[in-house]
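For reference, the structure I am asking about is given below.
Order of writing sets the chain letters: A, B, C, D, E, F, G and H. Residues in each chain are counted from 1.
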Amino acid sequence: MNLTVYLAGQIHDDWRDNLKRKAKNKDLSISFVGPQEQHDLSDSIGENILGAQPGNVYRDDAASAINNFRTEVLLKKADIVIALFGEKYKQWNTAMDAATALTLNKPTIIVRPESLIHPLKELSNKANVTVETIDQALEVIEYVYK
Amino acid sequence: MNLTVYLAGQIHDDWRDNLKRKAKNKDLSISFVGPQEQHDLSDSIGENILGAQPGNVYRDDAASAINNFRTEVLLKKADIVIALFGEKYKQWNTAMDAATALTLNKPTIIVRPESLIHPLKELSNKANVTVETIDQALEVIEYVYK
Amino acid sequence: MNLTVYLAGQIHDDWRDNLKRKAKNKDLSISFVGPQEQHDLSDSIGENILGAQPGNVYRDDAASAINNFRTEVLLKKADIVIALFGEKYKQWNTAMDAATALTLNKPTIIVRPESLIHPLKELSNKANVTVETIDQALEVIEYVYK
Amino acid sequence: MNLTVYLAGQIHDDWRDNLKRKAKNKDLSISFVGPQEQHDLSDSIGENILGAQPGNVYRDDAASAINNFRTEVLLKKADIVIALFGEKYKQWNTAMDAATALTLNKPTIIVRPESLIHPLKELSNKANVTVETIDQALEVIEYVYK
Amino acid sequence: MNLTVYLAGQIHDDWRDNLKRKAKNKDLSISFVGPQEQHDLSDSIGENILGAQPGNVYRDDAASAINNFRTEVLLKKADIVIALFGEKYKQWNTAMDAATALTLNKPTIIVRPESLIHPLKELSNKANVTVETIDQALEVIEYVYK
Amino acid sequence: MNLTVYLAGQIHDDWRDNLKRKAKNKDLSISFVGPQEQHDLSDSIGENILGAQPGNVYRDDAASAINNFRTEVLLKKADIVIALFGEKYKQWNTAMDAATALTLNKPTIIVRPESLIHPLKELSNKANVTVETIDQALEVIEYVYK
Amino acid sequence: MNLTVYLAGQIHDDWRDNLKRKAKNKDLSISFVGPQEQHDLSDSIGENILGAQPGNVYRDDAASAINNFRTEVLLKKADIVIALFGEKYKQWNTAMDAATALTLNKPTIIVRPESLIHPLKELSNKANVTVETIDQALEVIEYVYK
Amino acid sequence: MNLTVYLAGQIHDDWRDNLKRKAKNKDLSISFVGPQEQHDLSDSIGENILGAQPGNVYRDDAASAINNFRTEVLLKKADIVIALFGEKYKQWNTAMDAATALTLNKPTIIVRPESLIHPLKELSNKANVTVETIDQALEVIEYVYK
């Protein structure tokens, strides 16, 4: 049985590659999808396709329309969502993706450091499972195959 | 025609009272609902009802279960959601409520200061309307009645 | 039994007032809702609320976000949709509202002149009933009460 | 990952072949589906199968039932919808297909020339992304694979 | 608590009046809705509104579009459906209404004489409750209030 | 593109084999599913599995539970439903399957002889396409592939 | 704001009256609904309406069809479900009602004694809130009004 | 045609292996999925992944979150659910899984011994088919292939 896992969360470090490598080491049959990980491309994709916009608000809106399009296509394919919150950044996208997935009844795992327990408590309570490390998230998925 | 509006967002200042007063001045027939606004109560409600918990993680989880219960009951009643983001705090609850409402096809207005345009761009693009002040949010709702 | 009827279609003549008067004469217990009928307001509402936009594309997008918000709130309240197509204008809003209503399983009546039979044939086939005059549309609704 | 894309829009020129060729050049793994592109067949299919009808209204209704059947079968298979509006024709089918797709939560791209910005503004605002050329539409889809 | 009950089934005798009278005698707070009971009107409503049609097929299709419109509006309002099958007539409308209601998760009671047990067995198994008389159907509803 | 077609309708003649052969001759890539075609087995399957029942009502109910189970599993797999009505028998199963499929938004073709136009008019109006022969039904499906 | 609360659970003691009295003392505006509380009636309702059945299996099936009908009508009206598990009895109905409510996204509170923590752990985890006494359940609901 | 069958029910004996072997002997093309069958692992999985918890309630909640995650992922894949009830244990998980599956419109077979007829009567009435042995359950599934 192959499962598709959407990896929501920050795109500022290599946690996805890390997680994919570990999943491979465990021989889990998983297809990973997720947001655009090249930060610059993610911010400029609107103007890249639609041309220069009259200011930052419009530039951001153009980019986010295309990022949301991408997420919507891929999230639908997902059997499982992992949403990782780090200590930096606002990460409202991550909260949006997790809440969207949960409302669509996609089984969702939240990964967050201990320091974020309090501000994430409602989303965490709503998620299926909350863990602190990607290793734990992977163990949860591995359990499905056992 | 009476409309029910859920007011998602921070509970640290009096923006809700402010908005309600302005809605009243405009004679709009609106019932407002929203999260628990007494911050202390919102944090302690779990232990208040379920008794002392073994540490903060469990205390937070107990409180958030009951806060989520409240939100779920009231969000279902809402015809419209206003989600306000301020400059302080993580406000992942607000992002969660807005994304949940949008996935449930509740018409949703986001209110956020100029400084948050970039980090909120994807959620903002997904929302029906994004404005900067509660007066503007109220004007959008007033337009439904015109 | 009171029914709510959404009146989709052009806002350039007084067909809605006409229909409402006729419904009143028949003593039908109907609440009518519909799009903003003041054409200028409908086009300028974006800039009215959000301030001047950098060009027509952005002005139109700002206005349409708020018009769509209005439609979404009111369409949900509707038990029945009447979508009127006239001979002038593109009227893609009308087609959008009719298709949205049909996909949401709202019983929908299309009113269109004989001259539009061919270009409207697929939408017309998808609608519950297609007629040529608002009197006929009203007779269809009257039949529900008989 | 293979994606199925429904190509809604006018059937009077070769924009679909053009787009398919370009997608092939980009080596995108896409299955394209869409309406019947032989205009005459699309208009006569009702009488072809059901026999002569008593006049144009009935001829059109018979054809559109079968065209709608086709669209419904294929639209369900689609992960993405591209809806192209040209400057000629009423194109209410295209608006109907785009609004249906959006209501079914299919990620949808609208392609329209600059001249149609105003009449399409509400549908355009409702769509995930709006562009002016099929090259741009393809770039949006390409972005999903990046 | 008021309940709305849709009375699907043949329109050739006075079973609905009978049932309504009995419900009134039991003081049950029920609003009854149902199909057009004037058989001639039900058959001619298409031509009454749309004008003469070119033959019986088209006459029947015009009438049934408007009858289906009526059913769709009223069935949505129903909390409960009673579908009565008699020994005469094809009664495919009744089967259609019962299956539609069941698929929409409307609690549905089938009333049928002993002679129809075998041909109705699959629909009967799918319904919530199957009885032989309208008195029994009413007792089932009365039980909800006890 | 392979399509799965559910063949609802009477199981008393060989119309399904006939249709399958014709589909094969046209080289259409279709998987056909449908109800149990061995009439005796279909009637006795309840007692075959559950043992003797205390009378015909219970025998019929036991069989229909298992027939409905089968239909439910297979109907879900179907992209398209063909529902054939013949001149004999009550065929309420067929009406039930067609109405269920239509309520689940499965594109549905009704096949019925001219003699049944009037009693089937509402179901026929609700279906996507109504034809008189299985050849026509197959031509409708063939059109999807053209 | 009035809320409707469905009280699922055993019908062998007076916990519902107790809870209703306490809700009244707190002046909460709640309409309570629930299963038939007269145990004998609940067991005999099938035969009461449908007549003597050929043995206990059929007697039970007849009664449960009507009990399920009642539950389905009333559960749909509920904004909130309280499901109470006691130490005696199998109480699979209670588990069925709670799981049905949760799958229908009805906010659900489970009440269970400490002794049942382990066997109820999965259902408890799935519920919105789990408490040990009806006083606590009522406090959770009271919190919605605060 | 391959079908996926979820095997809900107690994990204390080898009924699943038994059933899988019999399905293999019948050459049925079925993929079986189900809950974690190693009882100890199922109880300790929470602490295995999340670390020691402060007492049994929290230990159980941690384990059940992950068990529910597993069930949710696999239940979605299922075409059919078999829920087996034995004479021992509370088995509320089984009732929860069966009710969830039925509410999601998954065709569901209940297997229960004669001794459980009365306490399971409502769930049994709600299920598609109820049988007493796994051989009978398998015959029901085999019938789909005949």
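To be clear about the criterion, a residue touches a chain if its C-beta (ideal position, glycine included) is under 8 Å from a C-beta of that chain, and two chains touch if they have at least 3 such contacts.
Given the structure is predicted, the values throughout are model-derived calculations rather than measurements.
Once the contact rule is applied, which chains count as partners of both chain B and chain F?
Correct list: G, H.
Report which of D-E and A-H is connected by more C-beta pairs in contact.
By number of C-beta pairs in contact, A-H is the larger.
Hey, how far is the Cα centre of chain E from the one of chain G, in Å?
31
Measure off the straight-line distance from the CA centroid of chain B to the CA centroid of chain E, and report it in whole Å.
Centre separation, chain B to chain E: 44 Å.
Counting in whole Å, what is the centre-to-centre distance of chain F and chain G, each centre being its mean C-alpha position?
Computed from C-alpha means, the inter-chain centre distance equals 39 Å.
Can you tell me which residues of chain C touch two or more of the remaining chains?
Expected reply: 65, 68.
Going by the touch definition at the top, which pairs of chains touch each other?
A-B, A-C, A-D, A-H, B-C, B-G, B-H, C-D, C-E, D-E, D-F, E-F, E-G, F-G, F-H, G-H
Provide the residue numbers of chain H that touch chain A in the complex, in ascending order.
31, 33, 36, 38, 41, 45, 48-50, 65-66, 68-70, 72-74, 76-77
Touching chain C in the complex: which residues of chain D?
Listed in rising order, the residues are 56-57, 60-61, 63-65, 67-68, 71, 85, 89-93, 95-100, 102-104, 116-126.
Using the touch definition from the top, list the residues of chain F that touch chain G in their complex.
Answer in residue numbers: 54-55, 58.
Using the touch definition from the top, list the residues of chain D that touch chain A in their complex.
1, 3, 79-80, 105, 107, 109, 128-129, 131, 136, 139-140, 143-144, 146
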